[in-house]
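Listed next: structures, encoded as structure tokens.
Next, two complexes with chain A in common: one pairs it with chain B, the other with chain C.
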Partner chain A sequence: MIDQILEGISIALTWQAISMVAVGIFAGITVGAIPGLSGVMATAVLVPFSFFMAPTMGIPFLLGIHKGSLFGGSIPAILINTPGTPPAAATCLDGYPLAQKGEAKSAIQMSLYSSTLGDTFSDLALILAAIPIAALALKFGPTEFFGLLVMGLTVISSVTGTSVPKGVISALLGLLIGAVGLDAITGAERFTFGFDTLQGGIGLVPLLIGLFAISEVMIQVEKKISILSQKPATANLKGGRSLTMGEFKKSRRTILRSAIIGTIVGAIPGTGASIATFIGYGAAKRASKNPEEFGHGSYEGVAAAESANSAVAGADLIPTLTLGIPGGGTAAILMGAFIAQGLRPGPSLFEENGPTMYAIFTLLLIGNPIMLLQGWLLTPFFASIVTIRQALLIPCIILFCVVGSYIFHNNLGDVELALVSGAFGYVLRKLNFPLAPLVIAYIITPMAERSFKQAMLLSDGDYSVFFTKPISLFFIILAAIILVLSVWKQPKVSAE
Partner chain B sequence: MRVGTISISVFFVLFSLVGYFYIIPAHIVTSIPIDASTPAVLHPDFFPRYTVVVLGLVSLVLLFSAIKDTSPEIPEPDRASARFRVGVVFVLTYLFIVGLKYFGFTLVAPLYMSVIIFFLGVRDWRYIISMALIFPVALSYSFWYSFSVIFPEGEIFLK
Partner chain C sequence: MSEIRWRYACAIVLSVSLLLMGTITADAAKKFPWKPIRILVALGAGGGHDLNARAAASVAYDYLGQPMIVQLVPGAGGKIGMGILKKAKADGHTLMMASSSHTSVAPHVRNMGYEPFNDFEYIFQFTKADYMMAAMASQPWKNFKQFKAFAKKNPGKLSFGSSGIYGVGHLMLLKVMADAGIKLKHIPFKGGGPAYRSGLGGHIDTFGALPATGGTLGRYRRGQIQILGIASKKRNKMFPKVPTWRENGVDFLLASKRFVIGPKGIPQENIDFLVKGFNKITKDKTYKKLLKKMGDKPSPLFGPALKADIRAESAAYGKILKSVGITKKK
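This part shows the complex of A and B:
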């Protein structure tokens, strides 16, 4: 194992790999800084570009986008009171009042430090937790693995979004889309409707780009023409003071607390950074000596929100890499990228691709000081992006979507598929259907089906095998409890 | 939202029925006779069939909960014009994709970009022309240079 770790570190410490992380972080902060564009969308659009790189460059590039966008989202939250990404919503509460007092620069610096520390904490948690969990999951047979997938999918469908039935329907649609193509065991054609191109299934890249990027662009297009075509008014960075060591020291405990909260929340499939940030913010307010300052320009408030949402970046990879169950939308896209690169997330990932995974972990850690450096040096540039006119940006993003769908197979059919997925995703989003369960179900369908069929073969067609093996039974009971609790709690949550 | 939820629930219920009784029997093509499959060797329609059944049931739950929901609808301001903009951008993007096939990226992308930028309210031709020309050319060149990818050149010009 030590040999594999050293090999991984040597793969990671090349200028090409490090520069790809840096490029990813730069792209992530840039996208995060543009209001309305999320890290999920950026990751979906840029996934195909990673296929032209080795896994040890392509995957860290995408992880860099994920990291960078979580910090980048705080910049417009502080400057124009509009979160660049949904997880930065809590940052507006204290970041914008600070900017109004002329302290935008120090607020962004607090956001940068807390994001970097939260992210580093979560990366370390991932590295320490991944291998033991994967080793435990390796002991699972197909029966236990199917139970685990059912439990994972149930959690994601129940927790994501505002309505349990909508989450479940989204997951079921994902299962149906995942069934398109040749059946893995019998080789039968399913839902190909006579099109040869569908024999390989619905392409992952066009589906991701359509659901996450094109649909999001269309949501932006809904804004009024006056908003799309004008520059937003912004607070000025110039003349602001830097963050003092005293202000940072006062927030140390808050940062650590939020990092722990973000890591725990991030590791639970279906939760994500938006939930973590508000839990972290609420906990910081309750524990603070000056809770009355929260909401009126508290550095602790900025630190709490940013540390918590960035701590999700590494933690949501824990279930993705070790169990093959993506924790959310970005994790699902990253899982797709892993699969396309020939790395199959799940218990055997570390056994089969040890050095590559250690290289990726090393680059994850290297990415944090790079983000700090970029934040220090390029904040004025990122702040200037906040005011870009969306009318100029939207066609550029659509062009990226078209190119991204095209280049994977050099096929215009994939671009059409992305557009259709975009229309489908737009309708689902307008009706408040969460998209993450759909994509996650689509990705895990082959694994779930294979595990189920293997379990059936091994038990000679005895369905009770899922209820007689203790681990499988545990997962199924847990799934049922989560589903019942979600349905029971839902009216109260909706009312709130 | 409530009307939308009711409509989509009805759509999914109908889709489940069509899926169960028509799409699955007609579009899952296998050489294994249905009576030859055993519980140990599952037929390829096993998963889709159960998924469609559950989809129908959950859609019914959603339908009834939407009908029972009496909370007031929150009106969306400017809904018709917002939907019109989305529709136009979809149609223009579809035409762009069709245009790519026949006229190629170099010709169609600048045209598409300038139309969209104009449609979204920018009237300064310096912005429109510079963005519409520089971005597609830079994108095309960088892909060719970095990944050796050539964007569609257009069937008309290839003949």
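This part shows the complex of A and C:
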């Protein structure tokens, strides 16, 4: 194992790989800094471009986007009181008052430091959590996988949003979409309606681009008016002072607390950065010596929110990579990117791709100082794009959507599929159906179906194997507990 | 909307379209190859074909004078990629790292929209690996004879995990069952890797393996796994004690191959140029090192011999499928 780690580090330490991370982080901060563009959308659109790179470059590139967007979202939150990405909503509470006082620059610095530290903390947690699970890889056969995936499906119960029936319908739609294509065991065509494109199933990339990017574009276009026609005075960094060491030191405990909260919340499938941020912010306010400052320009408040939401970046990947259960939208997209690169998330990921995975982890860690550096040097640039016009952005996004879904398999059919998914996603969003259950069900269904059928073939159709094999029984009991808990206490907050 | 913003937008659109146009240059009458060679792979990323094509592409410039670009066109069991290749311009700039599943198996089972031996040129085989059937050494049976006897006493009890339906492993299973008169449960996986690991974990009884992939040789030497049979004419030098399928009374001789094909009608001199260049690639140090890392070794075959070989393979697969009652659905 040590030699695999060393090989991984040697793969990671090339200027090509490190510059891909830097490009990813730059793109992520940019996207995060522009209100209306979210990290989920950017990742969905850029996944196909990562296919042209080796896994040790393409995946870190995407992870860089994920990281960068979580920090980038705080820039417009502080400058113009508009969160660049949904999780940055809590950053507005204290960041904007600071900007009004003319302290935008130091507020962004506080956000940068706490984001970087929160992210580093959760990356370390991911690495520590992932390695022991690899030891269990061979214990997982079809029966055990099915147990695990049943538990994965119950995760959906926590991302249903405000309306449970709508969440369930969305999950069932995902199940149906996941069933399109050739039957895993018999090779029979299902729901293909004679279209060749559909024989291989509905592609992940066109589906995600459609659901998350094209539908978003449609919603933005519908608004017609762009948010800002005139730059507010606060969107200006000139004359601001830098954060003092004393101010940073006062927030140290807050940053650590939020990092822990973000990591734990992020590791639970079905919760996301938005929830982590509000929990972290609330906890900081309760523990603070000056709770009255919160909401009126507290540096601690900015630190609490940003450390918590960036801590989700690494933790999000814990269930995704070790169990193959994506915890939410972005995690599902990243999981798709792993699969497309031939890295199959799940207990056997490290057994199969040890060096590659250690290289990816190394780059994930290297990304943190890179983010710090970019934040230091380029903040004036990021601040200047905060008020960019939608009219310029939207055509570019559409271009990326079309090109991205085409180059996925060099197939025009996938572009059509992306457009149809876009329209479909638009309708779902307009009717307030959450998208996360759909995507999670879509990803889990084919794997669960295959494992189920394999297990049935092996047991000659005896269903009791799922309860007699200890690992599968463990997951099924866990699934039952999750289900009971979620019915008993329906969470009020929804994941993004 | 301000005038200046519109101008910016127009400028961006214009420059993008100019960029796109710049890439479309006229194919003047130049010496082949006058532009990068596209090598399609109709299978998933990170699989054996993808890695093999990339290994060859990594050194191709030195021998072909143009870069070789790997392009993945998976989906619909190869139908999409093979369709693209069939329609591609037959000048030798578009090729495919093909798989036996697409040339020799799928056309027997499904309507693929192409005729494997009329629509394509068979150019060059890079690698070939003999298929084997493996099992954990801890099983009560220690060779194929004992395995057969055990399977006869317990029909439908033992299982075999394959890389997927109608893959080489599945066909080997069909042939083993037919010729040995036994019945096993077929458990198709998504790729050979997961099947192999399920075997190592003891979840299935037997599974497909290749001599050099997945650490098979090491596991065999350490006494972790046993090999019941190998699909080659002669015994494999790395596994001298493993009998061939013919010795076991099973008439199965097929291998997992990676070979380059192109659309029908490529000028012969271009094919000759490619064969010469590919031959040099198989002797390249870097290429050989990359292959060794994947557990493959070059096994060059070209010209009429290659086409005859694939044709024979296709006929053999067709026969196996027919003998178990699997025929093309219209």
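As a convention for this text, the second predicted complex is superposed on the first by the 453 of 496 C-alpha atoms of A that agree within 3 Å, B and C clash if a C-alpha of one lies under 4 Å from a C-alpha of the other, contacts with A are read in each partner's own complex, and residues count from 1 in each chain.
Following the convention adopted for this analysis, contacts are C-beta pairs under 8 Å (C-beta built on N, C-alpha and C of every residue); 3 or more make two chains touch, one makes a residue touch a chain.
Since this is a predicted model, take the numbers as computed values, not measurements.
Engineer: Which partner does A:R241 contact after superposing on A: first (chain B), second (chain C), both, neither?
Structural biologist: neither
Engineer: Mind working out whether A:R450 is in touch with chain B, chain C, both or neither, as first, second, both or neither?
Structural biologist: second
Engineer: Pick one for A:E351: touches chain B only (first), chain C only (second), both, or neither.
Structural biologist: After superposing on A, A:E351 lies in contact with chain C but is clear of chain B.
Engineer: Residues of chain A touched: more by chain B or chain C?
Structural biologist: Answer, by number of touched residues of chain A: B.
Engineer: Kindly classify A:P165 by the partners it touches after superposition: chain B alone (first), chain C alone (second), both, or neither?
Structural biologist: first
Engineer: Considering only the touch criterion stated at the top, classify A:T186 as touching first (chain B), second (chain C), both, or neither.
Structural biologist: The answer is both, since A:T186 touches chain B and chain C.
Engineer: Just checking: does A:L412 make contact with chain B only, chain C only, both, or neither of them? Give me first, second, both or neither.
Structural biologist: So A:L412 only meets chain B here.
Engineer: Thinking of the overlay built on chain A, is A:L173 touched by chain B (first), by chain C (second), by both, or by neither?
Structural biologist: In the superposed model, A:L173 contacts chain B only, not chain C.
Engineer: Which partner does A:A137 contact after superposing on A: first (chain B), second (chain C), both, neither?
Structural biologist: In the superposition, A:A137 contacts chain C only.
Engineer: Between chain B (first) and chain C (second), which, if any, makes contact with A:G342: first, second, both or neither?
Structural biologist: second
Engineer: Can you pull the chain A residues that chain B and chain C both touch?
Structural biologist: Touching chain B in the first complex and chain C in the second, residues 185-186, 389, 391-392, 395-396, 399, 410, 457, 460 of chain A appear in both lists.
Engineer: Touching chain C in the complex: which residues of chain A?
Structural biologist: Chain A residues touching chain C: 51, 55, 137-143, 182, 184-187, 196-197, 199-200, 203, 340-344, 348, 351-352, 389, 391-392, 395-396, 399, 409-411, 450, 454, 457-458, 460.
Engineer: Residues of chain A touching chain B in their complex?
Structural biologist: Those residues of chain A that touch chain B are 49, 52, 163, 165-166, 168-169, 172-173, 175-176, 179, 183, 185-186, 188-193, 214, 217-218, 221-226, 228-229, 389-392, 394-396, 398-400, 402-403, 406-407, 410, 412, 415-416, 419, 422-423, 426-427, 430-432, 445, 449, 452-453, 456-457, 459-463.
Engineer: How about chain C: which of its residues touch chain A in the complex?
Structural biologist: These residues of chain C touch chain A: 1, 5, 8-9, 12-13, 16, 44-47, 50, 71-77, 79-80, 83-84, 109-110, 113, 156, 159, 165-166, 185-190, 193-194, 197-198, 200-204.
Engineer: Can you list the chain B residues touching chain A in their complex?
Structural biologist: Touch list, chain B to chain A: 1, 4-5, 8, 12, 19, 23, 27-32, 38-45, 47-48, 51-52, 54-55, 58-59, 61-62, 65, 78, 82-83, 85-86, 89-90, 93-94, 96-97, 100-101, 109, 112-113, 116-117, 120-123, 127, 131, 135-136, 139, 143, 146-147, 149, 151-152.
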